[in-house]
Each structure stands twice: as structure tokens, then as C-alpha cells.
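Okay, so subunit A shows up in both of these, paired with subunit B first and subunit C after.
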Partner chain A sequence: MHSVLGDRRSIAILLGPALLVYSLVMLLPMLWSLGYTFFTGSVISGFSYAGTANFEKLFNDPALPSSLWFTVKYAAAITLGQVFVGYALALLYVFFLRKAGSVVRTLVFFPVVLPTVAVGLLFQKFFEFAPQTGPVNSMLETFGFEAVDWFGTPGKAFFVIAVMDIWRSMGFYAILLYTGLLDIPDDVMEAAAIDGASTWRLIRSIIVPLSLPVLVSSLVFSINGTLKAFDSIYALTGGGPGNATTPLTLYMYQTSFAYGDYGYGATIALTLTVLCLLVTAFIFRATRRAPEQG
Partner chain B sequence: MARAFRWAGHRPAYTAAVGAAALVLSVAACGGDGGGNSGGSAKNFTFLAINENTTIPTTLTTLSKSACADENKTQPLVIKKQAQGSLDQQLQLLAGQGALPQAFIAANAPALTQQLFDNGSVLDLGNAVKSAGLEENILPAAGSTIEALYDGKQLVLPSELNIEGIWYNKKLLQDNGIAVPTTWEQLVAAFAKLQAAGVQPISNAGKGGDGWGVTRWVGNYIVREQGPDALKKVADGDAKLTDAAYAKGAQAISDLGKKGYFGKSPTSIDYATALNTFATGKAAFIYMGSWALSAFNDPKQTTIGAENIGFLKFPTVSGGTGTADQVSANVGTAIAISKKAYDGDKNTQAWVECIVENYGNVALRDSSQITGFKTDGSVEVPALTKQIQDEISNIQDSVLWFEAYFPAKATTVSQNSGGQLGSGQLSGEKFMQTVSANLS
Partner chain C sequence: MALTIDSPPSSPAAQVRPRPRKPRRVLRFVRRIPGYLCVAVLLLLVAYPLVWLFLGSFKTQAEFLNDSTLALPDSFTNFDNYSQAWSSVALYLRNSLLTVLPALAIIVVIGTAAGFALEVMVWRGRGTTLLLFLAGIMIPGQMILLPLFTAYFELHLTGTLWPLIITYTATGLPLTVFMMATYFRAIPREVFEASTLDGASIIRSFVSVAFPMMRNAVLTIALVQFFFLWNDLLIALTFTTSDELRTVQVGLLNFTGQFGAVEYGPTFAAICINVLLILAIYLFLNQRVMRGLAAGAVKG
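Showing the complex of A and B:
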């Protein structure tokens, strides 16, 4: 085995095809996209070199701050929701639902496999205000509250997006974190229980530290997934009302494909990439110290 | 050198890999099935329709079985569909790949169709129709409207010739003792009276891109107050949307929204729902183009009956320089033809000529659709359609809609913000600032 892995030609043969495919489908388009940031125009009008004009435009774009703020707000809220609810569900599976766990896990996981557009339409109907009153507003009216125009104002539309996306993905994070919890040795837990540790003490001092690697992975998955969210928001609100729920991804999509400004679209994409890298680096840096600090 | 020698030793494998890559790239490049003609005739006559318009596909299908049966034999009609909201981006992608179908719904933003023409993707139909000796088949009113939109060129076929205005429910007005308003002030007073009586005054959509239903009110108010060339002045740089006089127009509509005249939540209402609300008697007024005649004349869709619908030209605004005779006109959902597909493909040319010659009669007979094509007078039309035909023939001065001169980005932003304006959430000033920021 050592002779194979020590031979450069073997390494090239084993890694070469995968590296080639990866370079063609990932690296090349990324570099291509990076190149577009220095050009203006579209496939119809043709491209011309624009120097740093797209970056100047980025800093003066009145629509960018709201889009960037929505992206960050959405990523923070959904990540917290997904991972927190997912972790709570995972604890529930392990400690309280040992026998019925598989049924509950299946039910909670079910929304993960539903098509995003279908979920978006479902929630549109759930929270409908006009012309028909959806089930949520009917329930509010039954309890004596006024019906709410959920998609008419930015804050309420954001709330519905958050509820939908957390509901849609919490099952995935529950399963991911559940597998992490299963790795915690039973004898450690039993020893702590014999020593009289309360449930809260068990969670704080044993379960969380021992499941931290999978928690960190979940956070990185979630934050990167939510920073790049597109389909669920597009299906539910289309970025509205106005542009109040337009994340960077949707703004980039509109700029490139609807407005035909590929150069500026690529610049927005670059902004998103940098944001993802910064957040991921921050999470790794913050959590790398945690185990050492105990 | 050793590495180069090693590559040379593997030349057959290297050549095969390069060959395979070239094959993949060439297959990908030819991947579009849009009917582009690269020598010889295309297999089908492909038409890219939009989901929201059923009249054009229906008329073309009827033509393929009747007047254009021969053309359909050599090039069978294939209809593909696309959501109107994503039509512009689809056209850009297809044009970028050189894969535009032979015929397609023209872009939502006229500026994009113009751009497609500039890069050689769209056919100058004015010249094509003239070369075929069929220019008599395009009504002068339609021709001049198209030319106003496309810098003096006829880039689309006028599958619609519309006037726009305010349609009203005669019975609801009568029941509430309201005379047909002729001024803005009378109209607003009518809204207040209807609202007090528990009737929704206006039904217009504001959901996503359907917000044009609200922004049309803005454009018309401005044109009535500032004169017919008010929006052209903005396009020419002689005025700004953020100027007080223009923001006042948007504010007038925002005020209607604040009072709830557009209904509970215009941001939740799409085009079909807005039309249905009016057609089933749940609202008294709707701003709409004459393209809605096919729906109004359909008793299944319009339960209040076509005879109960009246048409009102957008009223005058006191002190304004615009008059009610300056009617908003357009060619609505029009058809563009791919230059690449048309040039040198006699079968496609025959199809286009057949459409120009026969579309008008079939659309009018089967869908009550007034088009910009000549008809032979053999079709008997419902009274409401006849009334609109007369209105169209009497047009002396036409104006374009609010976003007509805007680029695609400003058009989208304006129409996406229409719902918030119609609910009174956006002030006129803020709306105009938002749109204005995207004009360049």
C-alpha cells in the first residue's frame, strides 16, 4: 500500500480524473465568474472590459445593503432555528423516544424530501390573507384576533419564511445531530448519572462537549446553506413585498439573468462567496478553541 | 522534456480525450432545439408562449388546422410555454445560445426586444412584411404604436391592439347612485361612496410582477396632469421621476391604497384573481387593457355579464394639461420572429406570412381579440367588443404606459413595488426614488 501511495504516478492516476472533473465543473466556472466581475454587458449586447466599475457600483448600489442585511439576518435566524430545534429533536430521540423514535424521526424528516416549490405554495396557502383566508388567519380569527397580512409587510413575510425553512430542514439536522449523540459512550452517561448529575448538567458537561464536532459541522452546513438560500424564498415570496425579502442570491440571479448585467451579477456572487468564506472561517476559529478551553 | 516525451507516448489516448471533449462541446453548442436555422429548413415551427396568455396559442393552433394547414404540414406547429415573469431572462439565455425559437412572445421590456434586434436576433418585421407584399394586413394604428415603441421599426407582429382604461360594473355604480365619473375628483368620490357601501372600489393585482396593475394608475395620472409626453421627458432626461410633479402622481395612488380602495391586500393578488374579482362582481372598477375582452365576453369567467361592463377612458385631473382623448394604447402581448430562423427558411417564411394574412379574423372570431391585423369584416362581434373597436378606430392621440421607456431592471422594480404602493405602504416619493435609482 505504501509503495502505491508513495508513487507520484499512482497518485496522479488515482486523483487525476477526479481532479480534472472537479476543475472543469467547479474551479473553471468560478474563475470564469471571477473574470466576469471586470466586464460589463451581456450575452446579447456583448462584453466589454470595465475595470473596477462593477466594484464601484457595488459600493454605491442602494439595493445592496438591504439585500445583504436580509441575507445575514436570514442566515442567522434560520441557522439558529435549524440547529437548535434539530438538536432538541435529536436529544428527544435519544433520551425520550427510544422506542417510538423511528416513527417520529420519519415524520419529522418528511418535509426534507418534499419539493421546495411545493412547500412554498403550501405555506402561501397556510398564511393566505386575501382573497381567501388561510388556515392560520382563520385560527387567529377564531380566537378573537385580527387576520394578518403575512406577505404584505417585510417583517411578517420574514417570519413566515423563517417558520417554513426551519420546519422544512429541522428533520435533516435532527438526524445529523442524532448520529453524533449516538457516538457518546453509554458508560460515560451512566457514570455521570450514578454520580447524581442532573439532566441539565448531563447536557451541559457531557453531551454538548462530546457532540461539539458534529454541532460545528451542522453550523457550517447550515450557515453556508442559508447564505446561499434561493429556491424556498423565491417560491414563497418571490423576494417581495417590493424587494424586502430579496437575498443576495436572488438579487444576483435577477441582475444577471433578468436585467442582463452579467458582470455586476458576478460581482454580487463574489460578495456572497467572500461572505461564506468569512463566516465559515469565523466558525472554525471560534470553535477550534472551545475543546481546549474545556 | 521527459514529461513531454511521456505525453507523446500516450498520443492515442490524448487524441481520443481531446476528440471526446470536442464532441461534447459541439453537441452542447448545438443543444438548443429552438428551431434556429443553420442551413436547410427547421423540422418544426416552434412558438414560445407564456402561461398567462392562452389566446395566441389557441389562435395559432386553429390556424395550423385551417388557413395554415399546408404550412403546418411542412413545419408542424410546436408550442412551448414559459411564465411571463421569467420570459425576459429565458429570451436572453436562448438568444445567447443562438437558440431562439422561430416565433416567441416579445419581451416584457421593449428595451430588450430592441437589444435583441440590435444584435441580430430579432427580425425587422416591417421590412419582411413589406417584402412579402403584405403590409396592407397591418393596421396603421398598430404599425405606428409599434414604431413608437421600437425606435421607428416594426419589430413585432401586433397579435393584440389594445386600448387601456378603467372598466366598471354598471350595476354596482347604479345601485350606489354613482354617475360614470369623467374627472379624477369624481372618480375618487365614487371610490369613497362604494367603500362606505361595503363594495371594493378597485380590483388590480399587486403580487410580484403583477404590480403593473397598480403602476398603470401612476402613469396615467402623470400623463393627465403633466401632458402626454411626460414620461418621454423622463426617458430623454428632461425630467426626473423624483421631481415633485411626478412624485405627486404616485402619491395620489398611494393615497388610494391607504384608504383601502385596492382591497384588503393588493400585494396578495395576482392578475387572474384581480380579473376574477371584477368579473364576478366583487369590485366596481378595474384598470385593464382591451385584451381582457376575451374574458369579459366569456360567460363562464364573467358572471356579471359583458352587457354589465362599461369602459371609461382615464379621467382628467383638474388643472392638468392632458385630456381624456389621449388614450393609453399598446400592442400588448405581441409576437417576435427570430431573424436567424426566418432568413433562408422558406417554410418559416410561409408560416409568418400565413399568420399575417389570417391571424386577425381567427382571433376576433374565436377569442373576441382585437388585433393589429386587418380583418375582412365577416366576423360578428359582441357589443362590448364592437364598442372598443369603435374607440380604437377613433383614437387621435395615444400614450404609452408607465414603464414603456424603462430598461428591464426599472420595469421589474416598478412592477414589483406596485403592490406596496397600492396598499399605501410606500409613499409616492419613496416609490419614485426606488424606480428612479434603477433607471440607468
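Showing the complex of A and C:
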């Protein structure tokens, strides 16, 4: 049996195609991209060796800190929002709706599968200020407030991005955390309830600690996704006003394709990759210690 | 105290039973009202933007400019917006289908084979290879964009849909391989022992036994990847150099520009077509979509 399962030719036939495509289209370009950080130019204009000029530019680029800061701020805020709202929904599903909530779960999940571009354009129209007042501003006016130019100032644009991303993804985190909550044995909670634990105490001392693993994977998944966010922001604000809502992903795209500087674009892409790896490594370290303490 | 009032001890049980239950049921309902309100608000928040979009897709330009944005459209049989939107959306849909479906087919076949080789078969270095695939889940797409653009340019593939098919296939592989390897873990090895004893080669076992056994897993992964690829913007935006090659997402973005920022009706209709299409797939397969996406997330 072992010789059959260890047959090299069969392994090569089964694994070969996937490994080949993956290496040629993902691994090799990654190394190639590292090489680009020492060049300037583009496919159209041709490349020339630039030494460490791109890295010097990176440290002196006034647009980079704001872009980096936006990426970090966005990832932190959206992750907290998504996981918090998702957890609240999951608790609602488990303790209030129980088994009967499948219609609610299905409906709340639907925005998750919608194309982000469609959602971005929808929210753009939904919060529109001019030329056509959107529903949000219409409602504000109905209640006697003044209409707000949502995409005119950085703070308000950030707010709309946050609202949109949480609207879009809360159903997903709700399902993820809901399945985690279902795994908590009923008798543990019954025992605590008989001991006289209040609902709040039950959540704090039993439910949160027992659902910690799935909470952590939600956090990892959310951070990983929000650091790479591109579509939703590109469709909603296009990075504006000015470059106030330009994450690294979008800044890299603009540098490479609008300004035709592949070398510097690759350097920004590298910054983004390093950021992703650092954050992931940090979370894994932090969470590996957590179960030992708890 | 409440207990003694609710059930007078002297009455015969058969007569009393319906009475004390009723107030308790009412009380229970009253206590649950805040919860029901929460659910109602939640559903309103989820559904209203979509309902508003749907209503907007039937409005004429005059209604957009003159009526309140909260008003209902004058007529629900006015399909002008849709026919106008469809004239370009049809092409974008065709492009999306022509890129996503081939990529999906290749991903599923070679991804499952790789998962089989990495989990069922025994050889040195398979753990490392699996980790190599896993690394691909974390790498941002921006990192591979520029070299690929150069490569496709040199290979004269720009101007076709091939760059999209190739890139989609590669970006879909890491998660597929990883999930498939996990699913194969649950299949008892005796199955393959039996097929070997019956004289099948290991390749034959994979094609005739393992792959059919994974039918459900394959469908789940295909569905997850379908949503990822269908909703992609970054890769499509980079590699679609002409209007004829635009996928649905890129086409949608350019829609506003094409008709000018003030042509609301067709824009709404175009977004609406996208939403309705996904809604149809979702309603048909919603349990599987929810479970599949959640499974993919925990593993990623």
C-alpha cells in the first residue's frame, strides 16, 4: 500500500499542474516584484536601474504616511466594527431567535455575496448630496437637520466607508460566530444559569471565553481582508476627497498605472505585504499565549 | 407571590390549566418586544438600501430630478432603463462568464488533485508544500500585479481574456488546495486500499473514487471561488485594456462615466441586474453558500 501511495510519478501527475500554475503565476511574480523595487519605469516606457532610490523615496514620500495611517486606521476600525456587530448578531441568533431564525440569517447574509462594486455604487447614491439628494440626506432634512456633504470631508467619507463595510459584512461574521456559539455545550450554560448567573455575567464569564477561538479567527480573517481592501473604497470614494481615503492598495495601484512607475509601485506593494505579515504574526503570537492564561 | 395568584391550589387541574398559561404567554411576548423591535430594525437596515435601489431602477430621469428620492416610481412596467443598461451589461456578463467559468473548472480539478496528493499520498516534503500554498492566501494581490502585467504584455496576451483566466486560476488555488486537503483528511484510507486491491492505479483511484466522493466539497469550493472571482475588481481592472474585455465589475464602474453622471436610471438598472443575478444564485443555494464561505474563512 505504501508503495502505491508513495508513487512519485503519480504524485507528480496529481500535484504538478497546481504547483506549476501556482509557482509561475504567484511565487515567481512575487520574487520578480521584489526585483522591481530596484528599478524605475514601466512596460511602456522601459526600465532603468535605480539602486535604492525607491526606498529613499518611500521614506520621504509625504503621501505614504497618510496612506499607511489610513490603511491601519481603516483595518482597526472596520475589524472592530465587523466582529463586534457580528458577535452581537450571533448572540441574537442563538439566544433570541434560536432555531427559528433561518430567514433572518439568510437575509442578513445576502449583502455578503453582493459584488462590492455594486454595493459601493449603491452607497454612493444612498449618501449622495448633489446633484440628486440621496435618501440619507432626504431623511435628515425631513427631521429638520441640514443635509451633509458625506464625501466632501475626510472624516465623513470615512464614516460612510465604515457604515458600508459593516453593512456588507456583518452577516458573514454573524454566521461565523454563530456556528462557534452553537458548539458551546448546553449543559455548561444551564449549570451557570442554575447557579444564578445573570445574562450579562453569562456572556462575560462563559460565552466569550468559550467562543474565543472562533472570535480570534474572525479577527484574523477580518484584519487580513481589511488590510487588502480595494474594491469597496475604489467604488465608493475613489480615494477622495483629495487622497484622504486612499489605502496602500489604492495608492500602489495609482502609482503603478496612473503614473506608470512600476518600481515605486512594487515598493509600496512590498510595504503592504510586510504590514500584512507583521500583523498576522503578531495576532498569532498574541493568541497562542491566550489559551494558556485563560 | 405571583405563583400563588396564578394558580389557585383548590381548583381542579383540568379547568385551571388554560387560564394561568395565557397571562404568562402574554408576559413572555411583552418581554420579547424589544428583541422583535431589534430584529425589525435590523431587517429594515439590510433590506431598505436594496429596495430603494430596485425602486430607483424603474424611475425616469424626470422623476429622479423632480420627485423626492424616497418616493415610489410612477410605473413598475417602465423597462427602458433595463433595456438601455442591458445593451452594455450583456457584453460584460459574457466576459465575466467566459473568464470565471473556465478558471473555476481548472481550479477545482487541479486543486482537488493537489489536495489529494498532499493529504492522501505519503512523501517527504508534503507539509512544506502545503505551507507554500498556504502562504498564497496572505499575499496581497498587488504584489503579483506588475510582473504579471509585464509578462502578459511580453507574451502578447493583452487584448484577450487569457490574462484574467490565468490569474484567476492561480489566485484561487491556495484556498482550494488547502480546503481540499482538509476535506480529504476525513475520508478513511481503507477506501483507497480497497480500490488498490481491486487493481486500480492511484490515479485511477483519484479519478473514479476520490473525486466523486468529494462531490459536495467540490460544489462548496466552486461556489466560494465563484463569488470571489465574480466579485473581483483589482485583477480585472488591471488586465482589461479595452472596453470589449470588461468584466461586470469593471463595466459597472465605468457605467457612470459612459452615460454621464446624471443618467441615473440606467445606472440603477445596471447595479440592479447584478444584484438580482446574485440573488437568484443565493436564494437557490443559500445554506451551502453560507456554510461554504464560513468554512473558507476559518481555514484562511
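Assume the second predicted complex is superposed on the first by the 269 of 294 C-alpha atoms of A that agree within 3 Å, B and C clash if a C-alpha of one lies under 4 Å from a C-alpha of the other, contacts with A are read in each partner's own complex, and residues count from 1 in each chain.
Quick note on the criterion: contacts are C-beta pairs under 8 Å (C-beta built on N, C-alpha and C of every residue); 3 or more make two chains touch, one makes a residue touch a chain.
Just so it is clear, the structure is predicted and the values come from calculations on it, not from any experiment.
By the touch criterion defined above, A:131 reaches both subunit B and subunit C.
After overlaying the two complexes on the shared chain, residue contacts for A:257 are found with subunit B and with subunit C alike.
When both complexes are overlaid on chain A, the residue A:149 reaches subunit B alone and has no touch with subunit C. In the superposition on chain A, A:169 makes contact with neither subunit B nor subunit C.
Of the two partner chains, neither subunit B nor subunit C is touched by A:79. Once the two complexes are overlaid on the shared chain, A:43 sits against subunit B and subunit C alike.
Once chain A of one complex is fitted onto chain A of the other, the partner contacts of A:217 are limited to subunit C, with no touch recorded for subunit B. Within the superposed three-chain arrangement, the count of touched residues of subunit A is higher for C, of the candidates subunit B and subunit C.
Of the two partner chains placed by the overlay, only subunit C lies in contact with A:269; subunit B stays clear of it. Looking at the shared chain after the overlay, A:235 reaches subunit C, while subunit B stays out of its contact range. Contacts of subunit A with subunit B, set against its contacts with subunit C after fitting on chain A, overlap at residues 43, 131, 257. Contact residues on subunit C toward subunit A in their complex (touch as defined above): 32, 35, 38-39, 42-43, 45-50, 52-53, 56, 64-65, 68-70, 106, 110-111, 113-114, 116-118, 120-123, 129, 132-133, 136, 138-151, 153, 166-167, 169-171, 173-174, 177, 192-193, 196, 201-203, 206, 227, 230-234, 237-238, 248-249, 252-253, 255-256, 261-262, 264, 267-268, 271, 274-275, 278-279, 281-282, 286, 289-290, 293-294, 297-298, 300. Looking at the complex, you find that subunit B touches subunit A at residues 85-86, 88-89, 92-93, 95-97, 112, 115-116, 118-119, 121, 207-209, 263-265, 267-269, 273, 277, 407-409, 412-413, 416-417, 419-420, 423, 425-426, 434, 437-438. Within the complex, the subunit A residues that touch subunit C are 1-2, 4-8, 10-11, 13-15, 17-19, 21-22, 24-30, 32-33, 36, 43, 89, 92, 96-97, 104-118, 121-123, 125-126, 131-135, 138-139, 167, 171-172, 175-176, 179, 214, 217-218, 221, 224, 227-228, 230-231, 234-235, 249, 252-253, 256-257, 262, 265-266, 268-270, 272-273, 276-277, 280. On subunit A, the positions that touch subunit B within their shared complex are 42-46, 62-63, 128-131, 149, 151-153, 238-243, 254-255, 257-261.
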